[in-house]
Amino acid sequence: MSQWTDTIRQISGVDPRKCMKCGKCTATCPAYDHMEYHPHQFVDMVTTGRVEELMASKGIYTCLTCFACVERCPRSVEPAAIIEAVRLAVIRQQGGNHMTPDQIPGLLDEELPQQAITSALRKYSKGG
Amino acid sequence: MTYSYFPGCTLKTRGKDLDTWGRASMEALGIHLEELPQWQCCGAVYPLAKDEIGSRLSAVRALAAARDLGTPLVTLCSACHHVIKRTNYDIRHDALFRDRANNYMAPDTAYQGEAQVLHYLEVLRDHVGFDTLAKKVVKPLTGRKIGAYYGCLLLRPSKAMAFDDPENPTILEDFIQAIGAQPVFYAQRNECCGGYVTLEDPSLSQARAGAVLHNAAAQGADTLITACPLCLYNLQKNGGKLPVVYFTELLAEALGLKEVPV
Amino acid sequence: MQMNQEFKPTIVAFCCNWCSYAGADLSGTNRLQYPANVKIIRIPCSCRLNPMFILRAFQRGADGVILCGCHPGDCHYTTGNYYARRRMTLLFSLLDYMGIERQRTRVEWVSAAEGAKFAATMNDFVDTITKLGPNRRLEDLRCKSE
Amino acid sequence: MQRIGVFVCWCGSNIAATVDVVQVAQALAKEPGVVFATDYQYMCSQAGQDLIGAAIKEHGLTGVVICSCSPRMHETTFRKTCQKAGLNPYMVEIANIREHCSWIHKDKPTATEKAVILGRAAIAKVHLNAPLTAGTSPVTKRALVIGGGIAGIQTALDIADAGFPVDIVEKKPTIGGKMTQIDKTFPTLDCAACILTPKMVDVSQNEKIDIISYAQVEKVQGFVGNFSVTIRKKARYVDESKCTGCGLCTEKCPQKKVPNEFNLGLDTRRAIYIPFAQAVPKVATIDPDYCSMLKSGKCGVCAKVCAAGAIDYKQQDELITREYGAIVVATGFEPIGMDKFDEFAYAQSPDVVTSLELERLMNAAGPTGGTLLRPSDGTHPHTLVFVQCVGSRCDGGEKGKPYCSKICCMYTAKHAMLIRDKYPDTEVYVFYIDVRTPGKNFDEFYRRAVEEYGVHYIKGMVGKVTPQDGKLKVQASDLLGGRQLHIDADMVVLAAAIEPDKSARPLATMLTASMDTNDFFTEAHPKLRPVESPTAGIFLSGACQGPKDIPETVAQAGAAASKVIGLLSKDALTCNPCTAQPDELKCNGCSSCENVCPYGAISYIDKPFRGPNRTTLIRRVAQVNPAVCQGCGACTVACPSGAMDLQGFSNKQIMAEVDAICR
């Protein structure tokens, strides 16, 4: 079991062992086609200690945080919280930021709401 | 009747239509929305990590200010509502977070979750009443077929948000009926539009927005309404031809406050 | 506070035969742990608990007393737990009056199916009493003169 | 001074692994009054019981303490043992050192110390025990069965077969229950109606069985052998003795738009109706919510067409009070509501149905005459998606149930198989988490659905159903295939979890029968007494105790009947001698005890007492009827003068236990 398993459980406050592997999270996930690993695999990989593989995956930035998996999970596992915890485990490492403030001007367009930029920065960087 | 009001950053800039018509309509319905003095960003995104205290503090600050004023705190932007409502839920249900938040901020009186957070729509439903609203409509939107787009943030997770049935909500449809239009029910109304990754993965945003708009159009909607600036942006930019507007715009039209666009 | 590490409180738990005693049995069957400080006395119904028993326990050195009965509405004898609830409310004021900390007596409803709740309740109660420290012992002066 | 024997049981390693039993016996041997103490591997075994008996005789024991498992387990066993050895059975006390000690502690010295204290408390109590003699009470030789589904029917038939009269109370207008709505039964595929309706006829023709339909239990008093039950027979506005069941009224009634609950609202019925052709009793019932005669006094068509003159708009609810010796609960189950699961679009599309609704859509007596048609447009469906475990196996309370509903895997396999058999042009998908088929010929049945009938079983769950363009767009996971599936389905069938009938909870309160957190009735012992409630005289039959399929229900129904027969065969029952007793010298006749007694066991008599100087004083004192007293002890605490005490749990005994624990 990797040391990360406990870290992820701590950050997310979720117990992945409650998962009964029904796959409803993955069935309901609107970002499925764009993900390397899928919600039920996130949960399983955290349980079985394969967190480093997850941390190396681009898929952790694809989660839409739409809470559909959280709402529909029959076992209150909250896959979205686990995905965010893995993302944070990466970002909190030195040089782990996925986004920096100087990238922002290039992403802007006229209509983009401020809230999108603020939230992206907060989600993807340390201490954002 | 006066309520505290938290507009949030976007409603002051890109999302002015949501704010302007929202306020004007409430005035017309006899409710004054008093902007919270010196409000700061809500935090923009609710952190799912249990150990992130700092990013929830600005929401606690707004909540404590509303508590001090003694009036319910009304929000309009879905994102602000989500962050503030969930933070209030955490304060009420997570003793560790409550203690730590109060330790950080050291307010005169510890904030214990006393404030009541209401979404604008909840004020319409529970305080004004859709029946009363219907009576005050001067230009009913008769003949319009409008689809409600709820998105994610208002409804989920239902335990903390307690806004409406998370799978079969009706508040926006009841609203549409109250302003004289015909609501169009479609299953994708509570599915994600993909707005969250609009910077990260535009192709995913496009796929999602397309699915939502296609389903709404297939069920006969001529317009979609939303309460979320990011959804509006994303559905307009990445979606299709179906017009998407803020629900407050149609409210203002129905109340005769806003010119009906030709 | 130093002595708290050493302090092992004596706790008497009165359990009604039909729900809570069975709930305690179930927590045993499920091997759910709670401290050995808790000693259970079986009574037919929570309404059998005479408040005198609690005072007697405090006289004899108990640090905490807990009464467990069927959930309101589920009493085997229909209304016994309602009587118990009312009597205990009165006893609580008496204990307040006497200066015995409120946390030292507790009433909980535990059904026969709630083994986990029984264990959790006992863990929590023992924890509370341990933090409170030893009880100020009530004394029966009649016994002293003997 | 008592002469007490202490017997410490090892319970194999259950106790002995964590409690040093030898040390416990040695420590307790030093307690005052203890003349003998020993330990043994299995005290409840024949050898163990013999050991106790021999010790009683050899040492002239007057009291016995057994340190063993819970008294709820073996108190009766050990009381009998002592009785055989000539000791009063109520001179036995059990110290529970298994459930309350060895099983909940890991540290041996700690557990041993606690076991000694528990033993000491039992010794202290037994010092104050007094021999008690149980009285007897008579048995009313009639049984009540609550619920007229297959469980209630089978129980009633079996009891009646043994010669005892039985009443069935059914809340619906007809008996038959859920099984009447089912089309075929697994795993044999025989038709439910063909095996159920003959039994319903048997019930109606059995002289020993009285069906009280359209009725509910309103009040239960008394105790085992002597229940008095009040039943409210609702007004059906039709005289049951006159109605011939011809059905003319149900054809002529002008109110045609009443949702037909028998077909789960998939079609309509009239305001006066007979639920289905084989109903028992076959009598019409007027639905007061829809009958315009009852609502506004206008109409009266049914009365006009009824040749038997059976219609009676003025009929009132009737209260029936009867005496019973035993009560059987057979209240059954309901599928849970689907309103919390609208990701499956149940509220949005009529083509999303529950499995029970599908039964009606496939039944020859159903709304479509047995042809499977889409409820939305009456067309033939080509693609069907079954979703398993909807609301079963959920964590977190509000949304679903934590348990497996047990029957869904099999009926879904049955549905899938029947559809593929009858309509080979269909594609049938079943989304499952696990396929659970323990049961005779069950797994073989499921495999046939896959192998012979080509049903697509996919491990995964459906996440979202989107009605669009006349189709149901199903988004699901295929976990073994590692993909997200998108299926355009014509119908979606939800295997809704089952829950106890809503009437069960208030009934349990009336019966003082315990329930678990899911509102299933609790059995007296989960393994050894599965058809009895912990409340004496109350028996459990069918799904009210837990999810069950038909064969299991019938088996349990028969078992409950045999327990009832065993009870009703007795002429008298031994009463619990642990009853309240007043000390007449202390009693001041205040009535406090009488007011709190839930059984009305306390009355007052004027009794002569000797006064000073040879005078006689007449005083009003309490008197307890030991046959009625159940021994709760409410009166003992209510008594202001401390006159009332409970035998077997006296104030002194409990105080002695407190003292021993706090010593």
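When the chains are written out, they are named A, B, C and D in that same order, and each has its own residue count from 1.
Methods note: a residue touches a chain if its C-beta (ideal position, glycine included) is under 8 Å from a C-beta of that chain, and two chains touch if they have at least 3 such contacts.
Model, not experiment: these values are computed from the prediction.
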| item | value |
| --- | --- |
| Contact-richer chain pair (by C-beta pairs counted) among C-D and A-D | C-D |
| Chain centre separation in whole Å, for chain D relative to chain C (CA means) | 30 |
| Distance from chain D to chain A - Cα centre to Cα centre, in angstrom | 46 |
| Mean-CA-position distance for chain B and chain A (Å) | 24 |
| Distance between the centres, which are taken as Cα means, of chain D and chain B, whole angstrom | 47 |
| Multi-partner residues of chain B (at least 2 other chains) | 167, 191 |
| Contacts with 2+ other chains: residues of chain C | none |
| Shared-contact residues (touching 2 or more other chains) in chain A | 33, 68 |
| Every chain pair in contact, whichever chains are involved | A-B, A-D, B-D, C-D |
| Partner chain A, residues of chain B touching it in the complex | 8-10, 13-15, 41, 43-45, 47-52, 54-55, 77, 79, 152, 155-158, 166-167, 191-192, 194-201, 203-204, 207-208, 211, 229-230, 233, 236-237 |
| Interface residues, chain D side, partner chain A - complex | 343, 389, 393-396, 399-400, 433, 459-464, 475-477, 479, 484 |
| Contact set on chain A toward chain D in their complex | 18, 20-29, 32-33, 38, 40, 68, 72, 74-76 |
| Sites on chain D touched by chain B in the complex | 339-343, 345, 347-348, 464-469, 473 |
| Contacting residues of chain C [partner chain D, same complex] | 10, 12, 17-19, 21-22, 24-25, 27-29, 31-34, 36, 39-45, 47-53, 56-57, 60-62, 70, 73-80, 83, 87, 111-114, 119 |
